[in-house]
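Here come two complexes built around chain A, the first alongside chain B, the second alongside chain C.
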Partner chain A sequence: MNPLSVVVRTICDIFTWFIGIFGIYIIIHGHMTPGGGFQGGAVVATMMAFLLVSHGGKKTLSFAKPGLYTAMETIGLLVFIGAGLFGITTTFFFNFLAGQGGVFGATVPIGPNSGVLNSAGTISIMNMAVGLEVIGGLSLIILYMFKGIRLFDNAAESGETGHDR
Partner chain B sequence: MNWQIHLPALVLAIPLLGAFASPIAGLGGRTVRNGWMAFISITTTAVCLLLLQKVLVDGTAVYVMGAENWNFTLPSGLSWPIRIILQVDAFSAFMAAVGSIAALAGAFFSLSYMDKFTGLEKFSALYFLLVTGMLGMQLTGDLFNFFVFLEIASVASFGLIAFWRDRPEAVEASFKYMIISTLSAMFILIAIGFLYGRYNAVNIAAVARMLHMGYAEKIALVFLVVSLTMKSGAVPMHMWTPDAYAEAPAGVTCLLVGVSQASLYGLFRVCFSLYGSSLGSPVIPWTIIVMGVLSMFIGVTMAVIQKEIKRLMAYHSVSQIGYILLALGVGLLALRDPQAMADYGFTAMKGGIFHIINYTMYKGLLFLTAGALYYSAGSRNLNELGGLARVMPYTTLMFVIAAAAIAGIPPFNGFVSKLLIYQSTFAVYPLLAVVALVTSVLTLASFVKVFQTAFLGPAKSKFAKVTEVPGSMLIGMSILTVVIIVLTLFPTWTLAHLVEPAAKALVDQAGYISAVMGGGL
Partner chain C sequence: MKKRVLFMIAILVVAGTFWGALDNIHPFGDVPVAPMDDYYIENAQQERSVNNVVTAVVFDYRGFDTLGEAAVLFTAVCSVLALFRKGREGQ
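== the complex of A and B ==
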């Protein structure tokens, strides 16, 4: 895929930052507004699609390394199951941080209010973990689909590669 | 007692942790990765067996995820459960133990079998996700979570079946399985939607307590029965089975046999515990019986003519699923009549449930021996194989044990469960028992054919360099062989201590409901 015109590239350079921030907003406010880890992660992962379309494969693949996204995916999954396992002294997935004070455990006042951001305990940790996992996973899917296009272009010479060592 | 209450959650948490940490274990090289895979599968099996033992002693276990207390099923004054509840009765625990043993054998077998390929940390992650999906389907007390775990298991199987992605057949098999699985998962979701719309609940016990047969419930039942028999590979919907079982790596096929049992578990959980006494007319039991008879006969007749060893065995799994459907269909038919239940229904259910463990063990072992043949001789075609008993004595011995068990030759465990099925189905309609007997004879015929062509006969020059398979593959196969021999030697003990509690739990719909709903408001 070749780079598009300078207009498209400039717009995309600016716009990807907004997409990233919007996605992170959705992840962090997962327990208060519609959306959550998956939805926000999917929004952030569209950054990768934007960059691939506007800047072309050569430039994007030079900094987007699959190992980085695999690491994000794995860390997200491990944090998620770790947050579940930490509660097992009560029950599995018990929200042991809620109502305990601190960053994640603020108490919510009774009565009408506009919501307290840091009140969800392990739920917001899990939202962030899922968000990290989905950013990694969907970016990897986009990268591999892009590599699949190239594979299709020169399929005549190389053919499909298997897992043989 | 203290930590044992967490066993239902640990059964799911341990393989999930195993799957998520596999990429990290893969960084440590071959030894760490293999050690991690062995450690997680041994721990999962141990936890499943402990859970079975606990359930058999203490009765049905419930576990409320994320609640202040593990048995907090009806939180403060509500009349129906709102949280994610795991409900493990003797039948669930039995199925989980069976599935985890198959997973253990498949994992050990895969250590050497997959050794010459790359991408193994992904393989082990998908393998444990499949184990989680299977165990989750068997332990959950919630219809929607059943759907979620079914999807986890399906998605993991797509990747595993197409693991040899440079083989077009494997990609085709995976694609076919993907369409069938997605279709049946959507059917299940529609059915759950119908029930949720009627009763505002997705907990099986809560829905079962309120259930009155009407149009919505009938539609939901039809969707559930069709999709779950489709997932377990009964005859009109069996076309994915030969492709998927033949093309998946052998260790995965062994696990897929266990996973198809999870769909069967869902079918019987829906029929017995969700609908149970309100099932009314005998249409659904007879549908299951007819599907079972067709699966038995068509599966085995298709198997006899196959030339590829794993396809042959895959058609046999269609036919063996038929036995289980037949037996439990007869049990369902007798459900509303205590006299019929005492006469033949309960025997049929015992036979069917005993056949579930027998089938998983010997069919898993047969797929593993087929994988061992493929690993050593490099061919799955019966026309090319021959004379391998000389060079692969242990594999041959284990194949003979498994083949004798599946054919129902008297001392082996397959005979016991088949005998129970013959006796009880004869009381319903003699033709059913006749079809079952003919199927058994044809099964014997086709395995004599496999044994004779692959293992006996003159040594072929191109197999001169073939040797016995490596140690970990032998360990994987011997786990299943040992279970088969134990079941063969102690059928009465097994029937009394494992199978009968499971059958009783399945029949006892009121007990299943009261474990969550606390016996009324």
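== the complex of A and C ==
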């Protein structure tokens, strides 16, 4: 695909930052507000589709790193399983960090309240792990499906242009 | 003709089953008695120190389910990568 017009590219350059910040906000506030790892990861992965559509394949594929996304996906799943496995002395997926103090172990007041960010124990860690996994996985799917488009494959050889210009 | 009669009978059977199910449906707005729900809502803040009870259920009380979801996503990504990887022509 060819890059879209300069208006689209400028707006995209501004708004990708907001998309990324919003997605990361959803991930790390997963234990306080609606959302969580899956939803926030999907929002961040939208960034990749946004860049591919507006900047075109040649530029985006030059700086996108599939190896990094593969590592993110694998590390996310491993951290998720590890956080579940560490509570194995009680049960699998026991929340051994909740209410113990420390970074993830603050207690919340009982009843309706606005929440404490560094609470929730392993739930917070699992949210971040799943978010990492979803970001990596969905970005990989978008990248590889884009690489699989025949139009883009033949464009370099035959001088064929995309549909948008 | 025979086909049409069979079709009518099938429709009648399905409609009858649906009618019976509708007769038996839970009344709208009536809270069902579920001790598990009450347990989650009352104890999630105290036991797991989470305000979002839905997250407490998804990631803690039913964490094994979420592990399955993450594994499904991982498998989907692996299969997409296997399908779209660069290969030689005709391979």
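Everything below uses one rule, namely that the second predicted complex is superposed on the first by the 147 of 165 C-alpha atoms of A that agree within 3 Å, B and C clash if a C-alpha of one lies under 4 Å from a C-alpha of the other, contacts with A are read in each partner's own complex, and residues count from 1 in each chain.
Convention: a contact is a pair of C-beta atoms (placed from the backbone, for glycine too) under 8 Å apart; a residue touches a chain by one contact, two chains touch by 3 or more.
Note that this is a predicted model, so its numbers are computed, not measured.
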First, second, both or neither for A:Leu77, with chain B first and chain C second: both
Partner chain(s) touched by A:Gly99 [first = chain B, second = chain C, both, neither]: second
Touched partner set for A:Ala120, first chain B, second chain C, both or neither: second
First, second, both or neither for A:Thr10, with chain B first and chain C second: neither
Between chain B and chain C, more extensive residue contact with chain A: C
First (chain B), second (chain C), both or neither touched by A:Ile88: first
Contact residues common to both interfaces of chain A (with chain B and with chain C): 73, 77, 80-81, 84, 92-93, 95
Contact footprint of chain B on chain A as seen in their complex: 70, 73-74, 77-78, 80-81, 84-85, 87-88, 90-95, 159-165
Residue ranges of chain A touching chain C (in the complex, touch as defined): 30-34, 36, 38, 73, 76-77, 80-81, 84, 92-93, 95, 98-99, 105-111, 113, 115-116, 119-123, 126-127, 130, 133-134, 136-138, 140-141, 144-145, 147-148
Residues of chain B touching chain A in the complex: 6, 9-10, 13, 16-17, 20-21, 23-24, 63-70, 84, 116-119, 163-167
Interface residues, chain C side, partner chain A - complex: 45-52, 54-56, 58-60, 63-64, 66-67, 69-71, 73-74, 76-77, 80-81, 83-86
